[in-house]
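Please go over the structures that come below.
One chain, chain A, links the two complexes that follow: it is found with chain B in the first and with chain C in the second.
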Partner chain A sequence: MKKSALQYWLRYYRAEIRAALLIQLQYRAAFVIWLLEMIIEPVVYLVVWSTVARARGGEVGGFSPEDFAAYFIVFMLVNHFTYSWTFYVFEERVRTGKLSFRLLRPLHPIHSDLAFNLTYKFLTLVVMLPTGIGLTLAFHPAFEFTAGQVLLAVPAVALAFGVRFVFEWAYALVAFWTTRIMALNEMYYVILLFLSGQVAPLSLFPDWVQTLSYVLPFRWMVAFPVELLLGHLDRGQIIAGFVAQAAWLGLSFLLLKWLWARGVRRYSAVGG
Partner chain B sequence: MESDSAAIVHARDLTKVYRVPVRESGLGAAFRSLFRRKTRDILAVNRISFDIREGEIVGFLGPNGAGKTTTLKMLAGLLYPTSGTLKVLGYPPWKREKHFLRQITLVIGNRSQLVWDIPAADSFELQRAIYNIPRDQFRETVAELTELLDLAPLLRKPLRNLSLGERMKCEIAGALLHRPRLLFLDEPTLGLDVTMQRRIREFIKYYNQRYHATVLLSSHYMADVEALCDRILVIHHGQLLFDGELDELIERFSTYKTIEVQTRAPEGDLSRYGEVIERSDGYVSLRVPRKETAKVTERLLAELPIIDLTVEDPPVEEVVERIFAQGHAGPAPDEEAERAPGTAGGRGAS
Partner chain C sequence: MRVFLTLFRVNLLFELAYRSNFFVQALESLSHLAFSILGLALVYSHTAELNGWSVYELLALVGVFFAIGGLIGFIIQPSLQQFMQDIQKGTLDFALVKPVDAQLLVSMQSMRIWKLTDVLLGAGLIGFSMWKLQTAWSWLRVGQFALALLDGAIIVYSFWMIMATLAFWLIRVENLLVIFESLYEAGRWPIGIYPGWLRMALTFIVPVAFATTVPARALTGRAQPEVLLAATGMAVALMVLARIIWNIGLRHYSGASA
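Moving on to the complex of A and B:
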């Protein structure tokens, strides 16, 4: 990338993040509600699974109550970092024609969404981190972080975010073809709930679900970095995981490019 | 039709057909539509041709659904034409190439492209980054726009706290920060009060002169068009009915003129001269067939104690309304031999 181009993007992202901060600071109440959802859900699973483990004499599928606590606390944080919501808002942009203005800017609209998403992540970290610490004190999780795991988790989380953000942005483009995408979004959410490891660690699922989770992108969006950080994976699994993430990132990009070209063509056939 | 080499907008036989789903009522029909969707083609713009030169202010006139917004959106690059040739600033607009997008702007009345939740000044900063506007030029432009549009008290308030008119001024300023060469203004004065409408009109005129920018404007308000446009394109049912100057439009499409007389005998019956449309304070307004104007004027002067007499064209609104009511190009019968309906009579054709 030429120096001037790099400068352009740096300046652009700085301005976009600044605007996003100004906007997001105005919606504190809404943010607290979204955050509560992001926090309460894993805590509920944690409590349920810990109870089940105790009732079963101390463990379920190799997970003790402390292992579950570790899994869901780390899951909550990783999920926060990779969370994306484009498909909840994209339909409105298409339906109301707001997308038109974005199309007339000399840059792809995905950039402003990325800036907005990243701003949200770092702004809400102020709440997420203390919550993680509070939960750690309350539930005594069995963490065993090595320096190597932490170092590897950083690119794994970044790639997980990349896969999720690009894949879900591409998924959101379905709105070009139908304006009733509530049901599709619900379906997506349910799939993600199970196959990203949100309801329970994927190793607790039947074999066929696990096999499915390896070939679909959802495991690589959250579960993989969580398992990596908790030391559940051996070297081969870690390498395979990174390869799968890179492959899904590439595939998602191609999917996005393909859908975007066709979607915008359709949008500009029917009018915004 | 010859092409105008200096034109920055060049449209030939531009056509847009929308394919829309047909939804019948009833549950059965809804189920059937799951499997086989019926569609129907709507011809929104039908083979229109025109050229626009740099620095012109051109008004698009037409009733709702006439095809003027569709045309503007094709020119701005938001819609791709079904057929025909279209070049804007030398680019096929629907490809939305960066160099093209940097030179244009679109303002849609009642729609906001600035961020709703933050002050306009902050949105302007974002625009600066998006369009990579040099800091000095940006400062200069903002200062100029602030003064011209009286934005100083507005820039620091969140956009959503502003009135419609105040917001529109900010929108226009935001849309011009990158100093576009070509402006698409779709109903920019929609819903604004008269003072604000005038303010915005004056500003558009100023911008056009200062930067030699080309302005394509659609409006329902004739006052906008009268005050601003050197040239108008009348579009109806997707067809270009007229392309030329406003005076020429009136010349061609008004079959009547209004003669206003002040006479010493205002109570007298003047209906033998023409249709009496108004009487007040010794003045009488008569509607007279255009071709007979000279003859009637002569008779009035010879037969009545006239103090004052003026001959006027009917208001533009009336002329345009008549064209739309007729729904076709319909020039007066005696002009039909000279100009076929639907052909462009103005600069575009020359």
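Moving on to the complex of A and C:
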């Protein structure tokens, strides 16, 4: 019984991934553009903060230009792994009724999004990794990875992806209640940019923002694995980080279930 | 100009039918503004100047960034996207048979009125920074700024126009233009902070520098005459080039009805 359930899921995901692969290979150009945005942003902040560090005589808040380079290059890669875009597309699914087709399937629609996301991640590694290497050559980052940090970073990145994917999927469900979610998305994105550490390492923020960032989910979506990998965290902080990630993953699941149950009931489509 | 006013009226009437879009746009603009200002506040909490720019000088740069970005979003992008679609579908004929210059017409055929919010916001930011900087007014500086801004607008427009005209030969040019949009983000910061190769690319390959940094420098009274001269030269050259490519492209075009 157990084995056949596992086989069922494997078969399901294999089919979804194959379909996703075929779709994504069709739209190569569009995906390169998405990627470009993910690359330009960290490069800009890398340059800005390196300039600040140099103006201050070599470092700011314990970061030298080389440390910033390391931070933003690693950030770019981790951000790529944990990135999710459900909230950009979900409103359209509700508004146009495309969601109906997904509801007809015997599985929760989140699975097909997950398969699509994972396929995209591995497909675009072909571009992401060379970019990381190119930026490394251009900006001379100060990398010092220990084997332990790398080993711990793997589950941290996976959990960060889980938190981000589930939380944003739950957030996207707001589209059941309002169709003007675009403006809300902009605000969500701005908060995410700051509190996930994309604009600057969180230790450069005023204290109250840092405190806030520990309570909210965004730090655990990107900044935590980055800091972990770069060796900025001590043992206690690492354990606390994993606990926070697990807690937010659980909370997001509950939120998702709760919103989904109420949202689907509100949803009605033409012909549905 | 009369063509512009007529088209503006038509577009305005159209957009007034969808007023709630204005609030969406306003929220979007305010989010961008908050993002820019918070970013500046964070950077300047650690330093007094960035590459020779004080905080209000950089705020003026952000103002120019918003204004030019708003201009692109208001008229350049929607018009030229329409233009590229027309080439693909063969409906460009409708523009060609009208008794005005066709390049002019396609360049202003579609407007997103609410994007003017960004232009106004940019102007407000520029005004506020000037007030904070206690700048001494001089006609020379106003003139320099106006010239630099005009150059920047022309350069950006010509660049878009050239890219869009490539649609006569290539099919998927929209993507190239999206690349410009993401590179334009780099213009939020002074071009001088970027390493040499990137600065070159942002000046000559994708002329972001002329659109934001140069006007902001003129505004804060630090534009060297030779830079302004170069910007003007580049504006004229690109405009002529855009026209030449447009003419060649038109010869290449055969419409749906031809």
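The definition used in the following text is that the second predicted complex is superposed on the first by the 266 of 272 C-alpha atoms of A that agree within 3 Å, B and C clash if a C-alpha of one lies under 4 Å from a C-alpha of the other, contacts with A are read in each partner's own complex, and residues count from 1 in each chain.
The definition used in the following text is that a contact is a pair of C-beta atoms (placed from the backbone, for glycine too) under 8 Å apart; a residue touches a chain by one contact, two chains touch by 3 or more.
Everything numeric in this text was worked out from a predicted model, so none of it was measured.
Applying the stated contact rule after C-alpha superposition, one finds that A:101 touches chain B and leaves chain C untouched.
Touch criterion not met for A:122: it reaches neither chain B nor chain C. Within the superposed three-chain arrangement, the count of touched residues of chain A is higher for C, of the candidates chain B and chain C. In the superposition on chain A, no contact is made by A:145 with either chain B or chain C. Once chain A of one complex is fitted onto chain A of the other, the partner contacts of A:26 are limited to chain B, with no touch recorded for chain C. Within the superposed three-chain model, A:265 lies in touch with chain B and out of touch with chain C [touch as defined at top].
By the touch criterion defined above, A:61 lies against chain C but remains apart from chain B after alignment on the C-alpha atoms of chain A.
Residue contacts after overlaying the shared chain place A:15 against chain B, while chain C stays out of touching range. Of the residues of chain A, not a single one touches chain B in one of the two structures and chain C in the other.
The touching residues of chain A, counted against chain C in their complex, run 29-30, 32-33, 36-37, 40-41, 43-44, 47-49, 51-52, 55-56, 60-61, 138-139, 180, 182-183, 186-187, 189-190, 193-194, 199-200, 204-206. Interface of chain A with chain B (complex): residues 8, 11-12, 14-16, 18-19, 22-23, 26-27, 97, 100-101, 103-107, 265, 268-272.
The touching residues of chain C, when paired with chain A in their complex, are 20, 23-24, 27-28, 31-32, 34-35, 38-39, 42-43, 45-47, 49-51, 172, 175, 178-179, 182-183, 185-186, 188-189, 193-195, 197-198. In the complex of the two chains, the chain B residues touching chain A come out as 18-20, 70, 73, 76-80, 94, 96, 98, 101-102, 104-106, 111, 113, 115, 117-118, 122-123, 125-126, 128-132, 158.
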